[in-house]
Each structure stands twice: as structure tokens, then as C-alpha cells.
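Two complexes follow with subunit A in common, the first pairing it with subunit B and the second with subunit C.
The block that comes next holds the complex of A and B.
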């Protein structure tokens, strides 16, 4: 079965704000969303900054009661609402079974943190068990389905920083294979001390600025957010008169089998993931690469090797940027947020910039874009690489 | 073409010792920081042995798909309680990577050099989700063979692991593997659904 899969709705929430308009405006303007952390006391850590969504407290619910729902549910529902409304499928998914495919590493970790704090302070018997109602990684999906009376099934990928891309890939494959006509997919994660302390202990956080692909890069900045895409079988979307924003064309995954935290230096398996996605998409000309680009020494060199290995001589000419330099690394949500940005780049025919890129690294000989530049982007490759050597790549195209 | 089952392993964390002894000398070097990883690696090793898969595999056509329930919470508890008790100095760089649910699949992929897809799902419907996902990946041609199963906490507080080796039928026939079943009901017949 050869079914084309199109995108009919997108939603995004990052340190740039909530909504695609503000996100694109600030992304193409090269605005940094990395600020001092305020959601917990980060003063003792080597880095005190991250990409929090400062103005976002809660969203509204029609069917859920917001008492003790985790920030992750608020972010997810808020972002999904934007995508579902744009797609015009809010009423359709009440009756027609659709797939919900999400990626997250943390789920409702802020609730879990609070439960742990209460357990330490008051003892297990006096800590509020209700805090665990929205803690596990699939609780937020259940909440989303209840809020929108979603008639279908769901799948949750907890595959570290590749989770969001895995979720998109699963949605793409499910529609292609005829399992469903509509899939709501994406990823999310929140800023929390649990992960901040962990990346700090690994010396992976930049004490200064996140500088992807720069010679002086010294680590990543963490972020929070969500990205949601509504994927739909092309005939189904056309049949109901939906506005088509783009096409989901390819997906690939491969494992390093190398190390729990360090990427395999040659980029062998990341290249395989890219190649698989590229083949899956029918080997299109890639016009822009939204890199994983964390700003760590090891990742950016490995990613360069992978891109060169997978795309050959042309790799050095393709514009590349890392939007993590502006909003931070959203972990399980990164792949989804970056897929939304990639689609916006196609629609606006503009390559987003990489902030803080000042001194090119000879070991990263790619065409890194410092300032937003107009470009006739028809096809984008978006990379996501995670702890444990999970490598995923997604290819999005202009719909013609 | 329906994929076939060519191996199965069922193990609890109380049974890992003798099984680990059988694997020594054949694993790539890995460090275990928690019983869960040990159980995962030993279970996958037992499965590959039974299915006749030589390792280290180095094979991009062999993938691993793991579903996990609340079991990984024990690692998170240990890691985060240390932070709460000792402040940021309590954050263990050794333990932190294992708080990610995909650490178990990653450890197995490293130990046996499994270079295909490595996917971890937080399951709601226990094994059915992850087995179905693995089957779909084989049917759609994204992988040839799949280690697929789940890690969970059993009622007696031990961890339990159940894995299948699911394989493209042509691949199984080509390498002369013992085929457990390839009728339409094989998932229910060969895997326990709780």
C-alpha cells in the first residue's frame, strides 16, 4: 500500500512562547529563549540557565479537572489544541479512531519530584499519593484523549532524546500501512531539577552559552516544551477539504550499540538512521538540515560525520542549523518541536539561525547558518539522537 | 507474509546468576548498575542463544523493542532520593543515564552489538503494544529480526522479563532456525497476555 501522508495541523510551545506565530517570529529573528532558571533553585549548579516557558502556567480544560494535573499535561493539551484546531479534526476524532503517538522521557516528572520531596519531608504515609495520578509517561496521553474525547488508541515512546522523532515515525508508518487515516503525534517534556541535576553531574551543561558546532562549544542548555503534528492520509485530508501544510515523507532509526551516554564517534549508526529516512522518502534533494546540534563536543562532531557519511559530497553545501541554541534541548520533545520548526522553515522558505556560532570548528565542516536566510526549502532532514545510542531521522517535504 | 517466532525467554531477577555465567566471555563489556539491566541483558542473551543468533551481532537488521511498566521507577527513586538527601552533589552521573527507560534496551544493544532499531515504549497494555510494534516493523520491512518483549515488576516484587525473537519468515528458513509458530494466533499462543 503506497499512501502519502500529509500534515494538516501543527502546535508548538517552547521558551519562545506558545503558538506557531510567536515561535516562528522569534526563531527567524534569532531571539534567545535561554534565561535564568526560575522554576527551581539552580544557583548551585554549573549552569543556571535554560529554556523555560516563562509565561505559561496552565491551559484551560473542557473535560478534565485541572486539580493536580502535571505541567506536562497542561503543555501537551495546550499545544495539541493548537494543532487540532488548525487541522479541523476536533470533532472528527471523537468518532473516527485515530492514533495518538507521543514521545516523552519524563512524563509528569514535576509531580514525581513533589511526591519525593513530600516523602522525604513527611514520610511515605503522609505524602500525597494523588501526585502520582499524572506522573507516569502515559498519564498525559490518557488526559489528552479524555480532554478531546479521542476515539483511537495511543503509543508512548520513551526513547530518550529520539522519542519525539520516533513518535512521528510511528504515526507516519501507521498511516502508510493503512492502520489509520489520522494520527496526532509529537512529543513533550518539562524543565525539572531531576534532569538538570543529572546533566549537571555529567558535566554536559554549558556554563556559558549553548554554541552548537562552534569550536568553543562547552555543553547544552536544557529546555521545555511540546510539539504536535496532525498527520493524515492525503486522500482523507483532500476529501474533507483540509489545508495541507506539508508532507511527512521519511523516517529512519538505528542504534549505536556503543555507549550509554557517548555517541559512537564515527556517526556510523546515526548515518544509517539518516540513510534509512532518506531512502524511505525516495531519496529527495535535502534543502535544509535541522540538526540535533546539542552543543556538546561529542555530539556535534559525530553528527557532522553522520551527515557527511549519509549525504556524501553535497553535505557541506546544505544549510544546517540547530534551533536548540535558542530554546534549549527539550529531550523527548526535541524531535517533535524541531519537526514543527522544520515545517515552518519550508512554509516560510527561510533557514532558521544557529545562535552563538562564532568560531567554526574544523571538525564540523558543515554549512552552519548564523542568521536567518531566505532559501527555497522544499525538503528538510531533522535529526534526533539520544542517550543509549538511539538515532532517529525524519524527512518533511513541501506538499505538491 | 507473517513473521515467525524463533525464540523465547522468560526469566525473573532471582534467576539471573546462572544465566549470566553462560554469557561470560561472549558479551561486549558492560557495567551493570541495577538489577533491571542485568535481567534485561541476561534475558536477551538467553533468547539469542535459544534462537541461534551469534553475537556480538553487529547486524543492522536485528532490532530491539522493549516495553516497560513502572519497573524503571525504582532506578529513578534511588537517583532522585540521593539528590533530595544530599543536594546536587547527590546526583550520580553513573545512575542518571539509567533513569531513562530506554537504558535497558541500550544496555542490551551494547552488550550484544544490536545495531538495528532500538525502541522503548512505556506500555499501558503490557506486551501487546510492543509485540505488535515489532511485528509491524518486520512486516513493513524496517527490520528483519526483532528482540521484543517487556520488563515488569512481578507480584512478588521481583522483576520479570519475557522476550520473543520475531523474524521475517524467509530469514528464519534461510538460516534453518527452529520455528515455533507462524499461524495467525501465534502471539496469543506463545506469549502471555496479562
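The block that comes next holds the complex of A and C.
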């Protein structure tokens, strides 16, 4: 069984704001959402900036009680609501079992941090256990299911920065294989000091500006956010008269088996993930690549090698951009947020820009797009690579 | 799923390490749960610890010497399962590694965060951070064994073990890989043990389990333990009882079995009423091994696989008065949680 899978709803929350309209407006305008960190004191770190969602405190709930819910649940539910409402599927998933496939690296780490601080300050037996209600990652999935009276099953991927793309790929494969007709998929992560300090300890944060593929790039900027897509079997979506936003056409994955934090320099496994996705999609012409593009020395060189290795001579002509330069690296949410941006790029026939790209790196000989440019985009390749050597690629297409 | 088999198992448990020792110790009712003083700030508490760390040091990749315990357990269990399957190599792009995790490397997570809070930014160790990420055990195991196919970490409670098996079977059915190593792992942690004690949960455990899942006949391998004839997983947060009943019904349907065909149910949970499972013998090894969440559920799968292979149900694991059949045909491993998540898998003798 190999069924076509279409996208009928999208939701996005990033440092650009919440909602697809504001996100697209600021993305195509090349606005930076990277600002001074305000959710904790970042003054002692090598970098003091990141992509926080400044105006977002909490969402509203119909069925959940918001007491003690982590920011991750608020972000996830808020973003999912946008996607579910657009898809018109809120009432359907109450009765028809659907898959919830999510990626995250942190789950409710903000709650975990708070609890741990209390144990240090007050002792093991004095910290509030209620802070742990929403710490583990699957709590957010269950919360989402509770809020929307969602019945079915969930799968939570935590494959570092590839998690969101893995979640989309699993949803695609589950629908194709007939396991379900509807899958709500994507990823999310919040800004927290634990992760910030971790990337700081690895010397991976940019002390200046995040400059993907630039010769002078010196690190990444962290971000927070969520991206959600509603995937459906094409016949199911057409049958209920849903508006189809695009097609999930291909997915590929592979592992480096090389190093916990460093990518394999030749990019051979990343290239394999891209090749598998491209083959899976029926070897289409790629019109735009939304790169993983973290802005670290190692990643961007490796990703260039992988793209060239997988796509051959044409690789140098395909427009490439990294939207992480605008909203930061959302870790487990990155692949999903970038899939949503890729879909918006198809809809608006515009390649988003890469901010701060000024000095081309001879080791990154790709067609990096500096400013938004109109382009007849029909097919997008979105890459995600992560710690532990996780590599994933997703191909999204215009639905015809 | 009818073509999927378990061709190798590996267990790193407080009761025994490796199939043989686990089987012998379970048969003899050896208990891994003991009062421990491992955690200096807690009083003596009942926990099940891995004490034979020398064994782990000797078999894992040298690069893993400073890894978190959970990564060591995971890699060691995978190593045992791979050797048991006797159907190498597992390096390369044709093998998937699926890791089920409930809490992850809590000791390194706690150490990293504690040093950040108490000693400042510069004291936070990059090693603690990189090995605290939830996919570190899978990343380390894939590095150790050269697995270049998909390496996934999936999160959840005990049901995650069954979900990992389902994901492995999906990958094998789609043809994207030829073999899959399913691993679940957990490590003991002072903070976690203290929290669970306050919630009334004692007897936490640590270790890992691993199974090799393959498509029958594709590799021409000589033998396997059992067939995976059905599996199902669901989550109904608003109706946990419905989830449990439905997951068992679906699992039986996938296996093309009736409830009366099941020889034994391995579970720590209440078996839902009304499914013709009343009086069925129920068993568990958790009272011996302790509770390591997803890893415990995979230990139940591993012991079931060994029971089918040896055609014996050790009396030490029986939980009720159900009549033990003369011959084991099908064992169901079932798990459910208060949040409405439930999963079941049926293992079948060929």
C-alpha cells in the first residue's frame, strides 16, 4: 500500500510570533527574531541572544487546567490549534483514531529546571512534586490529546535536532502504510537555560550573529517554538472537502555512527538521508532547499558536502537558505517549523532569505539566497541533522 | 507483522546479565530489589541496581568509558542481543536501532544542572551535557555497533517498549532496513528515586533490554526465538479502560487469535474485564527485577521469548492462580498507564 499524503493544516510559533501570517510576513521580509534573552539571566554566557517568543505567555484551554503546565504544553497546544482549525479536523479526531507524532529534545525541561532548583534550595523532600506533572515529554502529547479529546496514539521522537523531521516522516509512513488516515505531526521546544548552558559549554553559540554558510560564521543562535502539520491520506482529505495545502512526498533518514556531537565531515550519511527522501518522492526536481544551516563551522560544511553528494551537479544551482538565521535553532521543533516555512515558500512562490550572509565560504559552494526572491517553487527539500548522528530529510510538494 | 521474528535477545538486569543468567536466576527466584544506601542523601530505600559494572566496562566500546550508565547498559544489551542472533553484521545502513526511553540520563542531567547552579557557567561540563540528551544512549549504541540506518529514540512509559517493536516492524515491512535492534534502557537516579518514593512508588530499577527483530527467512538465519504475531498501541486519555480493552482486542485481531489462544499474559497491570481473559495465568518479573519502566516492559518481552524458546514458565513469575498450559503457544505482553496509554504484543511459537 502506498497512498498519497497531503497537508491540510499548518501551525507555527517562532520568535517571529505565533501564526503563519506573521511568520511568513517577517520571514520573507528578512526580519531577525534574535534578541537579547529575557527568560533567564544570560549575561554571563558567550552569547546573550536567542530567538524567544517575546509576547507569548500562555494559551487558552477548553479542557485542560493550566495550573502547573509547562510552557512547552502552552506552545504546543497553541500551535496545534492553528493547524487543527485550518484543517477543519477538530471534530473528526474526537471519533476517528489518529496518530500524534511529535519531536522534542526537552519536553517540559523548564519545569524540570524549576524543580531541581527547589531541591537544591530546599532539599529533596521539600520541592513541589507538582512541578513534575508536565516535565516528561509524553505529558505534552497527552495534554494535547486531552485538550482536543483526541483518540488514537502518540509517538514522541527525541532524535535531537532531527526530531521534528523524524516525526513528520513517521506520520507520512504511517498514513502511507494504512496505519491511519490522519496524523497530526511536528515538533516543539522551549528556550531554557539548561540547553543554553549546554551549547555554551560546547562552544557552539555564536558570540556575534548567526551567519549560516558564511565564511566568518562562528556558531548558532538558539530559539524556541513549534511547528505542526496535519497530514491526511489524499482520498480522505478530498472526500471531506478539505483545502489541500501541499503534499508530503518523501522522507529519508540515516545515522552517522560517528560522534555524539560532531557531524561526520564528509556528510555521507546526511547525503544518504537526502537521497532516500529524493528517491522516496520519485526523484523530483528540487526547486528550493531549506537547509539545516545552523551557522556552525562543522555543520554547514558537512551539509554542503551532503547536498552536493546527493544531488550532484545541479546542487550549486538550487536556491538554498537557512531560516535559523532569523528565528534561531529550535532543536526538536526545527524540522517541523522549517517544514511549515517550506510549505509557505511553495504557496507564496518565494525563497526565504538567509540573514547575515555576507562573505561566501569557498567550502560551502551552494546558491545561498541573501534576500527573499520570487521563484516558481514546486518542490522543497528540508534537511535536519542532529546530535548522535541523526540525519533526516523531508520533501514537500505543491499538490496537483 | 506475521513475518517478523525475534532472532536475538540481550538483557542487562539487576537479576542477571545475559539470557542464560537471567533465565537461571528468574527460575530460582533471585531478587534484584534490595535495600540500598547508594544514594547518600536518602535513607535506605528498596531499589534494584546493576552491580556488575566490570562486565559492562569489558564489553563496551572504549570511547564509552565516560558515558552515562544508561548508555553503557543500552550498548551492552544491544551487544548481547546481536551476538545471540548470530546473524551479523549489524553495522551499515541496513540496520535500524530503536531506543525506548522513559527518563534518560538523569544523573548527567542532574550533574550538569547542579554544577551550573552551584558553581557557575564555566563549571558546566560539556560531557555531561552531550551525554544527557535523550538520544545519547541511541547515539552511543549506534556508534558502538556501527549502525548507520535510522537510529531513533522514542519517549514514553512502559508502553514505549511495544511502540519501539511496532516501529521496528514498520521499518522492516517497508523494506527500508533488513534488521532492527530494539533497546530500552533506564538508570537509577537519586532525585528520581526520591520523587517516586514520595509518590508511593518503590522498587525502581535500572538496566537495559534489547531484541533483534528480523523478517523471517530474508537472511537465511538459522534460528529464532519466536514470531511477533501481533502488536498494538493506543492512547485514550479520557478513557484509560477503553484503551486497555481496545489494545488487547486489536492485538489479538492482528495476530488472528482468540483470547482463549493466549497461554500466558505477562503484565504488571490489571487485565481488563470482559475480554474472556478471566482465569488466564498472569505473570511478571518486575517483583524480581524492579521497575525500570520501558526497560522493564522489554524485559517482559525477553523473558516471554525465552519461555517460548525453553517451553517452560518459571513458577517464580506467576502472579495468579491461572492454570499453566502444558505447552506454550502464545504469550501476550500487556502494559497500560493511568494517562490512558496501553500497548500489547503477542509472541508466538513457530
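As a convention for this text, the second predicted complex is superposed on the first by the 400 of 400 C-alpha atoms of A that agree within 3 Å, B and C clash if a C-alpha of one lies under 4 Å from a C-alpha of the other, contacts with A are read in each partner's own complex, and residues count from 1 in each chain.
Criterion: a residue touches a chain if its C-beta (ideal position, glycine included) is under 8 Å from a C-beta of that chain, and two chains touch if they have at least 3 such contacts.
All values derive from a computational prediction rather than experimental measurement.
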{"item": "Simultaneous placement of subunit C and subunit B on subunit A, clash or fit", "value": "clash"}
{"item": "First, second, both or neither for A:133, with subunit B first and subunit C second", "value": "neither"}
{"item": "Partner chain in contact with A:149 - subunit B first, subunit C second, else both or neither", "value": "second"}
{"item": "Touched partner set for A:388, first subunit B, second subunit C, both or neither", "value": "both"}
{"item": "Subunit B versus subunit C as contact partner of A:266, first or second or both or neither", "value": "neither"}
{"item": "Subunit B versus subunit C as contact partner of A:39, first or second or both or neither", "value": "neither"}
{"item": "More subunit A residues in contact [subunit B versus subunit C]", "value": "C"}
{"item": "Which superposed partner A:124 touches (first subunit B, second subunit C, both, neither)", "value": "second"}
{"item": "Colliding region between subunit B and subunit C, picked from 37-45, 55-63, 235-243 or 271-279 after the shared-chain fit", "value": "55-63"}
{"item": "Footprint overlap on subunit A, where subunit B in one structure and subunit C in the other make contact", "value": "44-45, 105, 107, 112-113, 116-117, 120, 136-138, 142, 154-160, 166, 170, 173-174, 177, 179, 193-194, 197-202, 253-261, 269, 272, 276, 386-390"}
{"item": "Subunit A residues touching subunit C - in the complex, by the definition given at the top", "value": "44-45, 97, 104-105, 107, 112-113, 116-117, 119-120, 124-125, 129, 132, 136-139, 141-142, 145-146, 149-160, 166, 170, 173-174, 177, 179, 193-194, 197-202, 253-261, 269, 272, 276, 386-390"}
{"item": "Interface residues, subunit A side, partner subunit B - complex", "value": "44-45, 105, 107, 112-113, 116-117, 120, 136-138, 142, 154-160, 166, 170, 173-174, 176-177, 179, 193-194, 197-203, 253-261, 269, 272, 276, 386-390"}
{"item": "Sites on subunit C touched by subunit A in the complex", "value": "41-42, 91, 93, 97, 101-103, 109-110, 112-114, 116-118, 120-121, 124-126, 129-136, 138-140, 142-143, 145-157, 163, 167, 170, 173-174, 176, 190-191, 194-195, 198-199, 233-238, 339-341"}
{"item": "Subunit A contact footprint on subunit B (complex, rising order)", "value": "28, 58, 60, 63-64, 68, 70, 76-77, 79-81, 83-85, 87-88, 91-93, 96-103, 105-107, 109-110, 112-124, 129, 133, 136, 139-140, 142"}
